[in-house]
Amino acid sequence: MGVLSAVILYFVAQKFKVEEDPRIDEVEKMLPGANCGGCGFAGCRAMAEALVVRDDISALFCPVGGAECMKKTAAYLGKVAPEKEPTVATVRCGGVCSKRPRTNEYNGTKKCSMAAAFYTGETACAYGCLGYGDCVDACQFGAIKVNPETGIAEVDPDKCTACGACVKACPKGIIELRKKWPKNRAVYVSCVSKDKGAVTMKACKAGCIGCGKCAKVCAFGAITVENGVAYIDSQKCKLCRKCVNECPTGAIVLKGMDPLPKEPKAPAAKPAAAETKSAEKKESVNEQK
Amino acid sequence: MANKFIIATAPHMHNPHSTQSLMRDVIVALMPALAVSAVVYGLSVLYVTAIAVVSCVLVEFLIQKYLIKGTPTLGNLSAVVTGLLLAFNLPANIPWWIIVIGAVVAIGVAKMTFGGLGHNPFNPALVGRVFLLIAYPVQMTSFPEIEPVVGGIVDTFSGATPLAAVKSGAMSVTDANLMSLFGGFNAGSMGELSATALLVGGLYMLWRRVITWHIPVAVLGSMAAFAFIVALMQGGGAELYALPLFHLLAGGAMLGAIFMATDYVTSPMTPKGMLIYGVGIGVITMIIRLWGAYPEGMSFAILLMNAVTPLINKYVKPRRFGVTTAKK
Amino acid sequence: MKTFPIGGVHPSDNKKWSCDKAIEVLALPDVVNIPLGQHIGAPATAKVAKGDKVLTGQLIAEATGFMSANIHSPISGTVTAVDLQPNAQGLRQMMITIKREGDEWMPEIDRSAEIKRECALDSAAIIAKIKDAGVVGMGGATFPTHVKLSIPNGCKAEFLIINGVECEPYLTSDHRTMLERGEELLTGVEILKKALGVEKAIIGVENNKPDAIANLNKIIKEKKFAVVVEPLKVQYPQGGEKQLIAAVTGREVPPPPALPIHVGAVVCNASTAVAVYEAVQKNKPLIERVVTVTGKDVKNTRNLLTRMGTPISTLLAEAGGLPEGDVKVVNGGPMMGRAMVNIDSPVTKGCSGITVFSGADVRRVPTSECIKCAKCVEACPMGLEPYLLQRLAAKQMWEEMEVERIPDCIECGCCQYTCPAGIALLDYVRLGKQTVMGIIRARAAAAAAAKK
């Protein structure tokens, strides 16, 4: 009886055995194994399958493993490695408690998705960070936290893998994946308020009022002002930092670098070579005007 | 404006019920049975109850405070209810250390290991009781003799429960004094003495909307029906009515049906599911009582059906509004 | 006594604060803000611009398509802005701002108090007039009435049910309307009957309003209306459309996407019936409504006949101002109303009351673990399992939620009301419903695209 069952089981197992490319297992081992979905697939296994099956893998990219991981897998599979610039999640809201006064108290379930579906939030700003941490829940890497003092989510750029889970989780669309510069340098408009300047000002002292001064000063055409809010294209921005000094509300945030001195002619403290050139070039453009 | 606006989504009103108030109602509902027991067995009843309640509360507190380092939630009174129910399942003359072991098993093993109130798959008090029944069978099944508290009303009974007496053949069900079972003057665990007192407690819980009728009615109804059919197949006669009545009133039937099986956490969520669960308990109890090794099967039946509860919850859904069997 | 078949709860109705306050006319506001989207469906399209002079009752925004409603000026004066303004929840919404100058009405509106009973118009003409007047459901859902009256092909209306249930605690605006404007209401019902071509009209009223039931019955008897008043057992959410149909006729509307018309029923709110009367017989568009201002600590609770667009703060001031300390001001009743951030936001067509909570009532009860008591399952009028839906939503298991029939949910709040552990069941269920409905719509759109 037992032997018979064993024989039957053996044949059934043989019959239903799934033929699989052994390379999928290997590729899966090379991937980070975070199963975060940042690549657009359900998990690392699905990504590995796609990498093995497709001839052209230029559209596939694992943001967690980054270029190095992709190079390794591509070399193993004998394919051309996809290239992508590293990016980092950036929270574009500067409405800290001191600058954005609370006008009411939210007593419902502390989830951004629920609060945002119902009303504007605890401040008069309808666009700012709610601070209940849906992004924190979405992040698998512990890279994002809500600072209890400011009430705003903050990203640790060293831990961030740019998987994009927080971008999807934020109901206010505040988080953006922006180009990652060395040493975590960054310049961005830390506000997404589409309100008119006066309304924004009333709600938050750190908001972008859409005055457009930054756009005028930018030599690279990286800044656009639309719907009452400025936006810096991280692909075009060269980190010249001129806009930072122009902004009347301090909505443009500079990270990882010293600001330009107020006098435009004095050279910047210790800028990297590429930035110095571009900054100088830009200054000369300005002088010509 | 000086007002601070509080914002939340609807509803903005809440029922006065809370977990604590529901548990308080259960405790109140257990009081009549406790009183009867105290009258019959004397002060030792209160002593056993106090030890059970205190040790349950203490075990829960110590585990929450030092083992999982959380905030103790004694305020919801669920540990008190577990302690009371555990005590109700013990003989009045049980040594104190057995009670403490029962409390540790009930709270520590059956409840806190699964995550505390709301997460335990089995009724904690019953797990404690069954553990003790298997570990200390002698102490758990020898009941003190009933002392005539009010002079001469009650005859002194032997230490065997009516169920055990019937099982061993020492007594036939037609001999059993049904009035005495109803009133509570038979040997047994502390809480199972008086069917009347338990029924009063049950009615109180129904009135306070703590429980619905489904589980108690299903358990008792199925037990009676089962006993009736068995009696019918055995030839009927006087047993036809005596057998069902005896089984409803004797042993832990009332306590189990009204207080144990209706435990929120371990019973199904839908009315239909509750009926299935209740009938399951009733039938299993009767099978154990009539043909099993133990004279009483209520505890085992409830624990078995507790195990089935998740399955019932998965497959038995409430009636969907708009889907009627008699369609126009 | 009839009621609906599944679930329901019994919150204390708290109507005593305002139910004996007669309807009073609120003084005309100096400035009004009229949101373009104050009904279900597409927002109306503004027909006026800054600087335009308007008369009371003049069309200022036109329905955008069929599923939309006209909007009329509630006062006469000058349009000062057509711009985004924060609504009651602070969300930016397109509104027309009008500054009042006098009170000059459009000439065709009949403002006499005389009741005009005869209506010679046919069904299509009645519906057209209702559409022109911008009448929408005034119980809170603001479904355009002309859409409801336009019976889809293949369906036949058998009953007209008038919703006089007002199952929301605190609110009394429908109650007062039934009491004080009974004859206009009944005339409106007859007009609606004619529009639908039905024989039977039933007014469902919960029996905590015996005076309203008696008043309607008296008028029906004296003035010979062919309308029946059905007293109903008090139970929330009886005013839910599906619950009311089941309570009155015993017929259950099948699960979505079926509509009430599939069981032959059309439901209109009691105040809507009065608005229909005014629209058809008096040419008066929907520019004012009765708003209950109530609350345990509100000094002077009122039932106010208010022009649309009046700031809610004006109504609150009329009621003696807000109580001290922390408050929760709710647009609507306590079970389904929406808490407000901005009390300067305007009264809209769906605003049946302003409920003010103070003291211990402003915050939710503390939350503890679910004890699986099954009270939410017992309370759910749609036969759902809220505890399960809450867990699935917390884990973002949207597909499983759809299997558990989340689209059935009517967001009545019974589950959360009854939960002894104080769990915010509806918060999660609502999130799940929104997400799942989005998935269903996306799927339908994809299927439609694939067909092409």
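Letters A, B and C mark the chains in the order given here, with residues in each chain numbered from 1 onward.
The rule is simple: a residue touches a chain if its C-beta (ideal position, glycine included) is under 8 Å from a C-beta of that chain, and two chains touch if they have at least 3 such contacts.
Every value quoted in this text rests on a predicted model; they were computed, and no experiment measured them.
> Which chain is most remote from chain B in terms of Cα centres?
A
> Just the chain pair, please, that has the highest number of C-beta contacts.
B-C
> Rounded to a whole Å, what is the gap between the Cα centroids of chain A and chain B?
A distance of 57 Å separates the two centres.
> Once you find the CA centre of chain B and the CA centre of chain C, what distance in Å lies between them?
Computed value for the inter-centroid distance: 48 Å.
> Taking each chain's centre as the mean of its CA atoms, how far is chain A from chain C in angstrom?
Measuring from centre to centre gives 43 Å for this pair.
> Provide the list of chain A residues touching at least two other chains, using ranges where the numbers run on.
Correct list: 103-105, 107-108, 114, 118-119.
> Using the touch rule from the top of the page, what residues of chain B touch 2 or more other chains?
4-9
> Would you give the residues of chain C that are in contact with at least 2 other chains, written as numbers and ranges?
Those would be 326, 328, 338-339, 341, 362-364, 427, 430.
> Under the definition above, what is the set of chain A residues touching chain C in their complex?
Chain A residues touching chain C: 103-105, 107-109, 111, 113-114, 117-121, 124, 126, 194-195.
> For the complex, which residues does chain C have touching chain B?
Residues 5-6, 9, 11, 169, 242, 246, 251-255, 258, 263, 322, 324-330, 332, 334-341, 343, 355, 357, 361-365, 368-375, 377-378, 380-385, 387-388, 405, 408, 411, 413, 416-422, 426-427, 430 of chain C touch chain B in their complex.
> Sort out for me which residues of chain B touch chain A in the complex.
4-9
> With touch defined as at the start, can you tell me which chain C residues reach chain A in the complex?
Chain C residues touching chain A: 86, 89-92, 326, 328, 338-339, 341, 362-364, 424, 427-428, 430-431, 434.
> Using the touch rule from the top, collect the residues of chain B that touch chain C in their complex.
Residue positions touching the partner: 1-15, 17-19, 21-22, 73, 76, 78, 116-119, 212, 264-265, 267-271, 274, 313, 317-324, 328.
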